[in-house]
Amino acid sequence: MLVNQFLMLGAVLFCIGVYGVIARRNAVLVLMSIELILNSVNINLLAFALRNGSADGHTFALYVIAVAAAEVGVGLAMVLLVYRNRKSIALDDLAEMKG
Amino acid sequence: MELLRDNNWVLTIGTFLPIVGVLIMLFIPKADEVAHKAVALATAVATLAVGVWTLVLFDYGQAEKLQFVTDVEWISIIKSSYLIGLDGISLPMYFLSMVVTVLVMIYSWDHIPNPGNPKAFLILMLILQTGMAGTFIAQDLVLFFVFFEVVLLPMYFMIGVWGGEQRQYASLKFFLYTMFGSALMLVAFLALFFKTGAESFAIPYLVENGASIARNTQIWIFAGMFIGFAVKVPMFPFHTWLPDAHTQAPTQGSVILAAILLKLGTYGFIRIAIPVLPEAAKEWAPWIGLLAVIGIIYGALGCLAQTDMKRLIAFSSVAHMGFVMLGISTLTPFGFNAALFGMVAHGLITGMLFFVAGSVKERYHTLEIKRLSGMLKQVPRLGWIMGFCAMASLGLPGLAGFWGEFPAILSAYSPAEGLPEETFRTFMVIAAIGTVFAAGYLLWLYQRTAFGEPSAEFTGHGDGHGHGHGHGDGHDDIHDVTKFEWIAWTPLLISIVVFGVYPQLMFDVLDPAVKATLAVFGG
Amino acid sequence: MLSSLLSMVADGDWVSPTIDYHALAPEIVLAAGIVVVLLVDLFTSESNKWLVAPIASFSFLGAFIPVVTLALSDNTMRELFDGRYVVDEFSLVIKGLFILAGYVVVLISTDYLREGDYYQGEYWFLVLTSILGMVMMASSRDLVSIFVALEFLSIPAYMLAAWRKRDLKSNEAGVKYYLLGVFASAIMLYGMSLLYGIANSTLLTDIGETLSGEMTSIRALAVLFVIIGFAFKVSAVPFHTWAPDTYEGAPTPVTAFLSVASKAAGFVALVTVLYVAFPYASDVWQPVMWILSALTMTVGNVLALRQSNIVRMLAYSSISQGGFILMPLAVAGEGAVGQSALRAVVVYLMLYAATNLGVFAIVIAVARKTRSGAISSYGGLFSYAPGLAALMTIFMASLAGIPPLGGWFGKFAAFQAVLSAETNWGYAIAVIGAVNSVVAFGYYGNVLREIWMRPAPDGDTAPVVIQPAIAVALGITALATLVLGTLPGIVSHFGDLASLSRAFGG
Amino acid sequence: MLSASTEAAEAVFTSGWFLDHVWIVPIIPAVAFALIIFFGKRLPMKGSELGIISMLATLAMSAAAAYQWIDRVEAVDKEVFVPPVIKAWTWWSSDGFSFGIGQHIDGLALIVLCVVAFISTLVQIYSVEYLHGDRRYTHFFASLTLFSAGMMNMVIAENMLQLILGWEIMGLCSFMLIGHWWEDGANSRAALKAFFTTRTGDIGLLVGTSVLFFAANEWTQKTLGISSFTIRGLSAWALSGEPSSTAITVGAVALFIACIGKSGQFPLHTWLPDAMAGPTPVSSLLHSSTMVVAGVFLVARLYPVFFEGMNILGTNVNFIVVIGGITIVIAAALAFVQNDIKKVLAYSTVSQLGYMMMGLGAGAWLPAVFHIFTHAFFKACLFLGAGSISHSASHHSFDMKKDMGGLRKYMPITFMTWIVSTLALCGVFPFSGFFSKDEIIDNVGHNGYNLFMIVGLVGAFLTAAYMTRATYLTFFGTSRGASAGEHHDDAHGSHDSHATHDAHAHDTHGHDDHASHGESQGPRESGKLITVPLIILAVLAIGSGFLNATPFGEKWEKLKVWVEPRAEVVDATSVALVAHGGPGEVRALPAAEESEDGHHSSPCGSETPKDGVCVAPQLNHAKFKWSKAAMSLIIVFAGILISWFLSMQLYERKNKALVGLTQRNKLLGAGYNLLANKYYLDALYENVIVKAIAYPISRGAYWINQKVLDGAVNGAGIVARVSAGWVYRNIDQRVVDGAVNSSGAAAQGAGSALRPVQSGKVNQYGALLFGAAAIGALVLVIINT
């Protein structure tokens, strides 16, 4: 089976996600990049599950999906909060506290 | 090592009684100053009473053995126990700490330094007392460490809150120095613990098994302890906290610092570092001796350079502790006796000198040697007491100071087996020269401040004579020794003479214990 | 693909697990508490919202009871869901710690909330939930349950951090914490996925056995990523960057909560994974831990020296304290050392929790008067609030590790564990730790200096009013600090947790 | 137990209660000191009575002891070794070394003890009037008494530590007494200098004692069973042939350095003249007759050590004799240019101490000790005389040229006593000085130190000369300045006047004191309390010489019998005598057996004693010859005459001129030229004669003294202070301290350096987070593949 290709895909997605998190200045885009990483994880899990022929991977993936959903919910709520207070979701503005 | 456990309650009581006093004082309103002074004094006196009772119960016949031993499980998981005991080495310092506390309390009765608040001040002093007493009876490294550290904070606040202009700098310096030392010391203790098979922290046990450690390891462990103790002593070049701390500390602080705290370091060497790690001690002894004599000369030079009386006395401590360390570095019972005697003598004398300095400051509002003069004329009794202390401090035979100094020099002539004799004899000569320096700066100080005519600025009116009774006219601050000062000082003065005239009082107690301690050298 | 999945489920003869409800009692109580809080908050009018706080605190106390009963019951090793969820001494000790911490947090939050007009009900709900997540974390022995527990405790924390919704700083704190947190857990998840792939199981013990084989780069990678996830939670340098900003921005009680409970949770997870899953990968994680620990202590200290805001200073202080807690783990792989290292971590966590909560309680009490977070605002505290000053002194000294106050024994145990390895790495880290413990006094002493030796800023020496709740919190923490400091024997035996360090023959 | 032991002693050697209890003697004044300090002020005579009583008591006791000692020695044959009467208690013990305190009584101890007790008594009586009305009258007597206690303790010391104790106490008292009028900076500086200089010498004392102790202890413990701190232990060891030459030489030299400091020997003598800043009784007690001989006493006391260490009699030059010789000459030369009468006497003291040292160095033990004895009387007498003059005649000035002259008319008693003592000092037959000094010179030559015999003779000449000058200036010619009743304010730098003026200002007694010798009154004889001691001392200045009058043959040489220890080999036990610990016993050795094997050609000192030990080296005495004595007498008289002639020329003529001038002034009114010319003449005399002859040498010596030696002492102090300042500022404050502070700064710096990392930007945080992860991953991957 094409396990390794799936793993490669996962790795690539992971890297893209990381790039997004580091490079993007827009909170929403960063959120989405993180989602990418999580999904790369899911792909990994499923690929391994397929190779090993055990259900653990699937269950794990399901949990990840569920939790990710919760996370995104909270995340978007926060972004909204920020936007309401400062009419911008550019992360660079969020640098009141430093040093 | 045989341990005597009869009526071992005295030590625990004597050590923790002050804490009881603290608890009581916590519930007395801050405003009621007299009550605080009374309670604190009463506690200190009660503690001293216990101390006296300890003296009575102590079996001088077997001073070399630990007595009143208590051994209770404390932190079983790290094999550390509440093991306390008293032998000839600890006894004098243990008792001295109690005496000094009482005297300081008496002195505090009408000398609470700015910014007042006797409650906090006296509470700190009582905590200090517990820490000091505990350090001298602890026979378990962890316990020793805990007590050793307990004294830090109170002294930090004493200097920092009730001190002079530079107090914050001085207090922080004092604290960081000591803490640095004790941190490394702790590491050394733990290394020692594991190298001796992680069996126990009990000092007697470690003394039995420490010698088995590989030589190089010993040397490293000793290094850790050395820094810890040397900072406290303080030995050159770890001494720079001392002048600042002493100068800035309130009188009471300086007295306790000089009389007891400095001794924690030397005591640590005698009680722990050297007996537990004989090999390393042999290796280090010449260097300790070297630093000691450097300290003697260096401290003396420092004194000569001072313009401030208190700072001068502080530097003189460096020199005197140099003699003590020289005695220790010989690793002979003779040297140890000298060192221990020197510790007590220095405690009495320098403590007394700081009392005097404090009173001078209180009267003249300055300690600048330049500005002071003719104290003998203006405050004759104070002047004579100061002269007495100066004489005692420069090691005049017949006064306590001599018995710390001369035997130390003597001992340097023939150090223990395996130590370089020529080196130590050189040390001996240098140390002897140091005694002359001591005479130099102390007499110089005395001549400048006590002799001559009182300077006009303190005599109220211009003419240098001040017509005999220098005090009174114009300068009400400048009065002679007060009642409380007398009460606080007389015991010190008397004991300086007594120990000077009949040193055997102490050597009797010390000697067997020291011999037992140095048995590890097969001596 | 789906078919195959279904088939697996179908022909696997699936039996419903037998559940030991006694073992789950604390979680159940907490869950019940959460529900009650929600309902009460839902059906009470604004004027009666204060009811929620007592309910929350009672549910904590209630949850503590089964912990005690479990601890006293002779069956000290309860495995649920074939070993995925374990209730043993270790987890019980930790659960007790979490629950009590939660209780103290409630105490110090009550008046803070009542005075700022915040939604109270949800706050308690979130605190309870997060604590529940931690309690679960203490028992989780499976990648999935660990992950779930982690998120369970993190997500509410994110929201708590952003609690003061109209306050920009609070928002910023929340967002930073959230983004980095999620990012870190994502990386961790990736590592977990790799682990699953390697071991074909999510059960930690299975993973441990698999890793006993020779180490490949992929395995090392997996181990590293998982560790990073927790390193973030314990704000170990260089994964600490969120901590100062979040601590400063978040509401002070929340900061207390984060700096104590959630940090502790991170350590618990870390320890669990290291001891159960990676006992044979110690070559990989020991150096990592060594570096992390050294960096964390040092960087935390030197940065703390420069702070002028007390909360931010405490943030860095808690970072460097974390470094000390990590210190024993740097040598935990050396056979029997694991045992004492674990003990050191647990004991340190307890003492640290007690002390740090106390500090924050005082910070809240004082800030209530001075309305300022600047360290200089503590000037003259000794003159107008000697009691608080004395307590603060105790706590600061304890953090600085000065006997006979709690903190010293934590440091002592850490040093002892490190030195018991008798390796050069051990000695090295010990010396670094020693030096750092001295540097640390630089900033703790700075606070004390303000308190004792400086005059009150604008000469305002009105006494500080201490509400009963805070008073109780102070009482508990101060008592713990003093007693544990003078008689560490009481807690130190909680530390010997054979069950967890089994793999090390502990 | 003591009584028992006493009986035991009587078995062979007579002893006696006083002899066994000499150790009480120092205790009496010590107690008196305490009493005076605490109660003195309340007593009718402000404590002075206590002092005097205690002194009388000590005098009585020591006299009685001396009497019993004389019985003891005369009971036995001349060569038999007479054991000293020894007692010892353990003072302190450490590491098995036990240090005793007690008494070691023999002729030497007793003779010095008597001298001290005697002179102290007289001086205290004298002081009652002399310091009458002084501000610190009580303190003065306290210090005097304490001094006597210290000195006596040193004299009877059983071991070195006890000796050091007394030694240092004397130093302290010297400090307090020289600085008695410390309102004047000069006095306190002099006190400081004195203490500091002697203290410098004491390095030698400490080091020497230590060296000898460790070098000898093993032997003494083994052979005698006593610690080698004991006098007898050290002595026996020194003569046992055991000691390695280096050890004993180092020890002896070190000890001798201490003696140089204490006894004002060259080059540490500079403190002694300054010490004259003290009240005159002090100068007369401490700085002439007693304390300053401590150094000499130490050498005499531990003579075997120096004997072996310096190899006396072995060569014809050694450290001690050289120092002694130099001191004699330079001090005598200095005495010429002093105008302060006390300074003259001070330098004369230094030079006489030089005689004693030279004698000891040359093996003339007995003459040196004898000279201590005689010198004490006449020098004390001279000082008290000077004091009497300043007290009653010259209004507290000591300046011979300004304020004295022609006083013989006004104060006959002082004059007579002065003359007697001067003759004694010059060594004129039959005054005491002759017997002792001539003895020294004689023996020095006899023992082969010819060079130093000549030095001694030169010294004798100079002594005679400067004493004559002083005498002339003081008592002859016409009165000048204060002694002429001239009214001048007390601005001149005389210390006594300053102080007594304090007394006037501050003391109730001040006024009658004031009245008793106001500026208006002229010179007159002093009161009884002053003259009586003078007379007594003068009598002794004549008589004391006959105690060992060698010219008159054996039977006159009493001191030789009483004082000189007999060099005989005796068995160890009889030297050990006392075992340490607990009250000692006075045990005597069976004289019988000793005298049986009496090989009286004792090998002590010359070779290693067989089967026994010696405590005194064998010394030989020069046979007295009138020829030699005549020679030295001639020299002395020459000195007197020449000096007298010079003085006449200088001072007498000048005074005539002045008188003539005034007459002419009264009579005519003009005649300045003649006056001027005569005056030039005088100036010419001054310049030609004195400047040409006397001044270059003595001035030169004086210059060296003030600039070089004194400068060295002061300079050392300055250098120390300067270097101290430098070290303190640069090393201590900059380097050592700086290191600490800078480390703190470093930590802070690191903090601010790291702060930019905490930029507050989420993305950068993320980058950091993942960057660290990536690096870690990379490393691990590299390692594990």
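Residue numbering begins at 1 within each chain, and the chains themselves are lettered A, B, C and D in the order written.
Following the convention adopted for this analysis, contacts are C-beta pairs under 8 Å (C-beta built on N, C-alpha and C of every residue); 3 or more make two chains touch, one makes a residue touch a chain.
This is a predicted model, so every value here is computed, not measured.
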item: Per-chain Cα centre nearest the global Cα centre, belonging to chain; value: B
item: Chain pair with the higher count of C-beta pairs in contact (C-D, A-C); value: A-C
item: Centroid spacing, where centroids are CA-atom means, of chain A and chain C in whole angstrom; value: 25
item: Separation of mean Cα positions, chain D and chain C [Å, integer]; value: 80
item: Geometric centre distance via CA averages, chain B-chain A, whole Å; value: 65
item: Geometric centre distance via CA averages, chain D-chain A, whole Å; value: 99
item: Shared-contact residues (touching 2 or more other chains) in chain C; value: 175-176, 179, 183, 187, 244-245, 306, 442
item: Chain B: positions in contact with at least two other chains; value: 176
item: For chain A, residues contacting two or more additional chains; value: 21, 30, 91, 94-99
item: Pairwise chain contacts, counting only pairs that touch as defined; value: A-C, A-D, B-C, B-D, C-D
item: Contact footprint of chain D on chain B as seen in their complex; value: 173, 176-177, 237, 239-241, 298, 300-306, 332-334, 337-338, 374, 376-377, 391, 396-398, 402-403, 406-407, 409-410, 413-414, 428-429, 432-433, 435-437, 439-440, 443-444, 447, 450-453, 465, 467-468, 502-504, 507, 510-511, 514-515
item: Parts of chain A lying in touch with chain C, wherever the complex brings them together; value: 7, 10, 14, 17, 21, 27, 30-31, 34, 37-38, 40-41, 44-45, 47-60, 63-64, 67, 70-71, 74-75, 77-79, 81-82, 85-86, 91, 94-99
item: Chain B residues touching chain C - in the complex, by the definition given at the top; value: 30, 73-78, 120, 142, 145-147, 149-150, 152-153, 156-157, 160-161, 167-168, 171-172, 175-176, 179-180, 183-184, 186-187, 190-191, 193-195, 198
item: Interface residues, chain D side, partner chain C - complex; value: 744, 747-748, 750-752, 754-755, 757-758, 760, 762, 764-766, 768-773, 776-777, 780-781, 783-785
item: Residues of chain D defined as touching chain A within the complex; value: 755, 758-763, 766-767, 770
